[in-house]
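First subunit A sits with subunit B, and in the next complex the same chain sits with subunit C.
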Partner chain A sequence: MGSAPLLSVEDLVVVYQTPSGPVRAVDRVSFVLERGEVLGLVGESGSGKSTVAQALARILAPPAMITGGRVLFEGHDVLAMNEDELRRFRWRKMSFVLQSAMNALSPVLTIGDQIIDVLVTHERTSKRIARERAAHLLELVGIDPARLTSHPHELSGGMRQRVGIALALALDPPLVVMDEPTTALDVVVQHEVLSKIAELKEKLGLSVLFITHDMSVVSQFATRIGVLYAGRLVEMAPTRELFRAPRHPYTAGLLGSFVSIHGPRRRLAGIPGSPPDLRRLPTGCAFRARCREAAARCATEAPALRVIAEDHHTACHLVSP
Partner chain B sequence: MSEPDRTPPLLEAQHLGKLYRVGGWLRPKNLRALHDASFTLDHREILALVGESGSGKSTIARLCVRLEAPTSGRILLSGRDVLDEERGRATLAYRRRVQMIFQDPFGSLNPARTIGQHLERPLLLHGKAKAGADLTTRVHALLDTVGLVPAPEVAAKYPQELSGGQRQRVAIARALAVEPDLILADEPVSMLDVSIRADILNLMLDLKEKRGISFLYITHDLASARYVADRMMVMYAGHIVESGPSEALLQKPLHPYTKLLLSAIPDLEGSFARGLPARSGAPALVDPPPGCPFAARCPDVTEACRRETPRPVTRDEGRVVRCHLYPEPSRARSE
Partner chain C sequence: MRYLLRQLGLYVLAAWASLTLNFIVPRLAPGDPASAMFARYKGQLQPEALAALREAFGFTGGPLHEQYASYLAHLFRGDLGVSVAYFPAKVTDVLGMGLGWTALLTGSSVVVAFALGSLLGVIAAWRRGGAFDTTLPPLLVFLGAFPYFWLAMMLLYGFGFTLDVLPLRHAYDDTLAPSLSFSFLASVAEHLLLPATSIVLASVGGWMLSMRSSMIGVLAEDYVTMAHAKGLSPLRIMFHYAARNALLPNVTGFGMALGFVLGGSLLTEIVFSYPGQGYLLVQAVRSQDYPLMQGIFLTITMAVLAANFLVDVLYVWLDPRTRGR
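Up next is the complex of A and B:
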């Protein structure tokens, strides 16, 4: 095992070319994901969270372009890989479960054939061994292996989403990137899928980058959480610390916006205003228009992400270590 | 149902049922979207209708706003049978009292009209204002009510110039234009960012407190239902399986499905340990088998559950549950 972290994202910049000029959807985002870790990336619409996932998968297409930064997987530059290297890298080293994974399955092939296809193309195993592996993978995500002969339309949304997870695990990758893997699911099914992911993390030592708009979804198994706002990482901390002592006013506001099913019933504060238009970002801190504590400095200078406590980073002028 | 005084409830549903014919004329089948749904909604009350997709909650909304007619049952508005008086779709008079707002604040507004024009139409149609200065004043007052300020500026904008939360406010303002008694809100916050949801929920609470408007709040999210609703109903496979005051229902859920739903909700302080054993799977809505629709998944299932559909049983504190675990009073006495 090398000393390089499993995944290291350094100053990633993604720009969308629009008729009214370039828009920075992801602005100098940096984070590290260690082996065996589940890192949550949380953000609302326009925060850039899905763009980060797409950049890592290198599936961004024009008008979106990665214009800066590095993505290192075990020290190897993912952004510098050619098509050939990329083909060997995806699925095997880093795989993806995207929000629409349940609709990404081919409607004409059985789910068994689709899993076997991945195994045979990437590992050149025999069909017989691939079929056994496919059955095992379905068991892993809690689906009866008899379902190998089912077509996607015969499965429920939750089952299709779990097939998507089985596919992502097919080549035993050390890292899986999941972008809103449960958003389209009902709460009971969501709970099943999340429990399954948590179980696989324990069982396989899997590392996960879990991207979501819903803090409560990652709260139960993310080791650390990063909060994105208007394309920038504004706070990153161990999960418990983030919930107990959020330092960025946006994180605090977001946590205050959650209605809880347990505990005392309190008046929700929410956050005034709405997320900024990336085409017309204000100068300085992107959150200042909605911030109750904004000071003069916030209008002139964009705050950088800095360490304010052990393993706790915040991008806010008002926070001192 | 319970009538402590002579004033009838604002809205009362009696044994509402809705079947859809599916499967073509050769092999027609019945999809049971709603079965024997009875409930009341009072003045100045928010009643939440909670359930997962396919549970029938939107069917109730469509029946109550009279977009569709029920297959069976009655709908009473202030004690008067609205279906008896007018078959078919809702009249202007009905819509003046019962309004609806939808999940998608993007789809329900016309991109070619300004926000002001969206609000002028119902005001004129229902005779709430006369064209001219009066109309403008009323439009601005509506925008003020829903917190869209400065009103003159917002009135001149087009929907696409507003954020999702602002558009949902416009939808609420449009519903308020006719000064309704009841607003049916079908997942009004589920497409909005978390930081904005609180504002819309608080607006609903304010409208109830200050204007006495009642809401039927339809949602899949128990936590937000708890936040706004005085009472809630939990739906499963077209059945209202449990209802009661929000806090009591959540503190001590009776129906096994409510317990399952509660245990599955992720919470900021929660853990997976709370997950309950229950079989997954979707209920059969097309030509459903006899018995309780939750029987196939229920950890507490008995023989009776597969034979007979449980009837609603009234318990203490205005709670009603539909489950064989809670015997009907007459039967309990004979045992």
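Up next is the complex of A and C:
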């Protein structure tokens, strides 16, 4: 088991059952996350990145359904687990920091209760011990333990998100999935939360799956980055490599559309057009309508993810190794 | 706490306003209700009763503010005058007869219907689209669409008359003297069962539907997804995380229903000859018993206000966001 990667996703397919027919939100996504690694998953709204995240612990709500693929965690197939095994797996092995700091905590329960809940459920500790642990967890993220009895609405957005992080660390899980953990926050607070995450990652040796639409955020942390477009992984490479030499036109477009304070001045370039409607995906490459270099082959044949350099994968016909 | 005190102040103001209306309205009519009543009951009403009525209403012939003061003074002494229909019983005594039974019947029905309906709504939303969710709501809406007194009559006919397993009328067995003995309480429960069931059947569907829809909204919230991810048991997620939040909008409706409890379920009480407030109200209207009507009006108003205050307290307890304001 020691040789198995921490997380290995193979050909994951997630379908949303809609009145107008099934929609493939995640289409044959595969990736591997090694122990101690921070893997960034980047994409626009609707690219399927949060759906991938939730599929990993099978917390997708209907009408979303996992219809294919495998999710192996430390070699165990998560998709084959029964309800009991799944409950024991969740949070102990893989915890979440969810998108909106505002809504991830129940408004009617104290933050203490929501942390203690996890400890009591999984570790069967007494309430008293759980309370001490919860206080310690709050200290870890820099929040006064007296706040245990506060309700979410009494905390600022940044504090709430740090509570979310404390909650994610409660059982000391090998993998933390962070789904847009800083999106709802202003830039200053965003920075504060990100440095807290970086600090804890070093201290606790966490593995992180970091999901965001913001290239600049993910570049600070991730060892590798995967780029999702219309439910498919279009490029995956080590962060440096991806920033230095993006091969997929979409990745290049993403990197061209944010400001870097280092390096030479350059004109910002956006990506023309908008993401495709998943219900009516074009044939061939989903990106071709927005791609400046699209060729005839792109309209007929969907490009598969190929190895083009060491540890660098791209799904584009125009790229040659 | 400051919030609750402010609310309390508001309700005291509302109570005063309704008492004052109760004082003003009869005085806007020509003549006075006491004389009108005396004229209508010529020969049946004693002159002392007229004097007592005048006294109770505060129609002392003095200036308006003096009348008002004596009206309030009587009220605070708990003196609502003498009933005409139940002469010479005092209105407070007459009210006392019906109030308890109505509070018992309508109160228990509203509480049971709300609790049961909410529970069913939670389960239906949790298993949305399942067999339970697709059969029960239409069935209960169907039941709720019948006039509630018709349901009452059907129950009375089926269980009381044809099967003869439950009593037909009254709140307890006439052969028993009211006491706290087991046999008396059992008889009260037995007599309560049919009328309460008819009210619960008619109203449970509404509670279920409103709870179901607010629950469905809550189930899509991030904190419910989060609770799943935390590996908590389904029951804990369902009640502690989802239902706790879904309950909040329904508490208001519950409070309003509770407020109208003392109005009684008029027709149910009539069908089962249940000696409650609704029954009294019909008697009062029939015999143009102004003091009794006013007394009933007063208790209903106070009950509505009290129920509203109760909801405020409940909210503070259930929803931390209303605290500390």
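Just so it is clear, the second predicted complex is superposed on the first by the 312 of 321 C-alpha atoms of A that agree within 3 Å, B and C clash if a C-alpha of one lies under 4 Å from a C-alpha of the other, contacts with A are read in each partner's own complex, and residues count from 1 in each chain.
Just so we're on the same page, a contact is a pair of C-beta atoms (placed from the backbone, for glycine too) under 8 Å apart; a residue touches a chain by one contact, two chains touch by 3 or more.
Keep in mind that this is a model prediction, so the values were computed, not measured.
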Query: Is A:210 touching the first partner subunit B, the second partner subunit C, both, or neither of them?
result: neither
If touched residues of subunit A are counted for subunit B and for subunit C, the larger one: B
Message: Just checking: does A:122 make contact with subunit B only, subunit C only, both, or neither of them? Give me first, second, both or neither.
response: second
- request: Give one of first, second, both or neither to describe whether A:31 is in contact with subunit B, with subunit C, with both, or with none.
  value: neither
Message: By the touch definition at the top of the document, which applies to A:156: first (subunit B), second (subunit C), both, or neither?
response: first
- request: Would you sort A:254 into first (subunit B), second (subunit C), both or neither based on which partner it touches?
  value: first
Query: Counting only touches as set out at the top, which of subunit B and subunit C does A:92 meet: first, second, both, neither?
result: second
Message: Looking at A:287 after the superposition, I want to know if it touches subunit B, subunit C, both of them or none. Which is it: first, second, both, neither?
response: neither
Query: A:189 contacts which: subunit B (first), subunit C (second), both, neither?
result: first
- line: After superposition on chain A, the subunit A residues reached by both subunit B and subunit C are none
- prompt: Taking the complex as given, what residues does subunit C use to touch subunit A?
  reply: 128, 219-223, 225-233, 236, 240-241, 244-245, 248, 318-321
Field: Touching residues on subunit A, where the partner in the complex is subunit B
entry: 44-45, 156, 158, 186-192, 194-195, 198, 213-217, 219-221, 243, 253-263, 265, 267-272, 274-275
Message: Show me the residue ranges of subunit B that touch subunit A in the complex, using the header's touch definition.
response: 52-53, 163-166, 193-199, 201-202, 220-224, 226-227, 247, 250, 260-272, 275, 278, 280-282
- prompt: For subunit A, which residues count as touching subunit C in their complex?
  reply: 54, 57, 59, 61-62, 86-92, 95-96, 98-100, 103-110, 117-118, 121-122, 151, 153
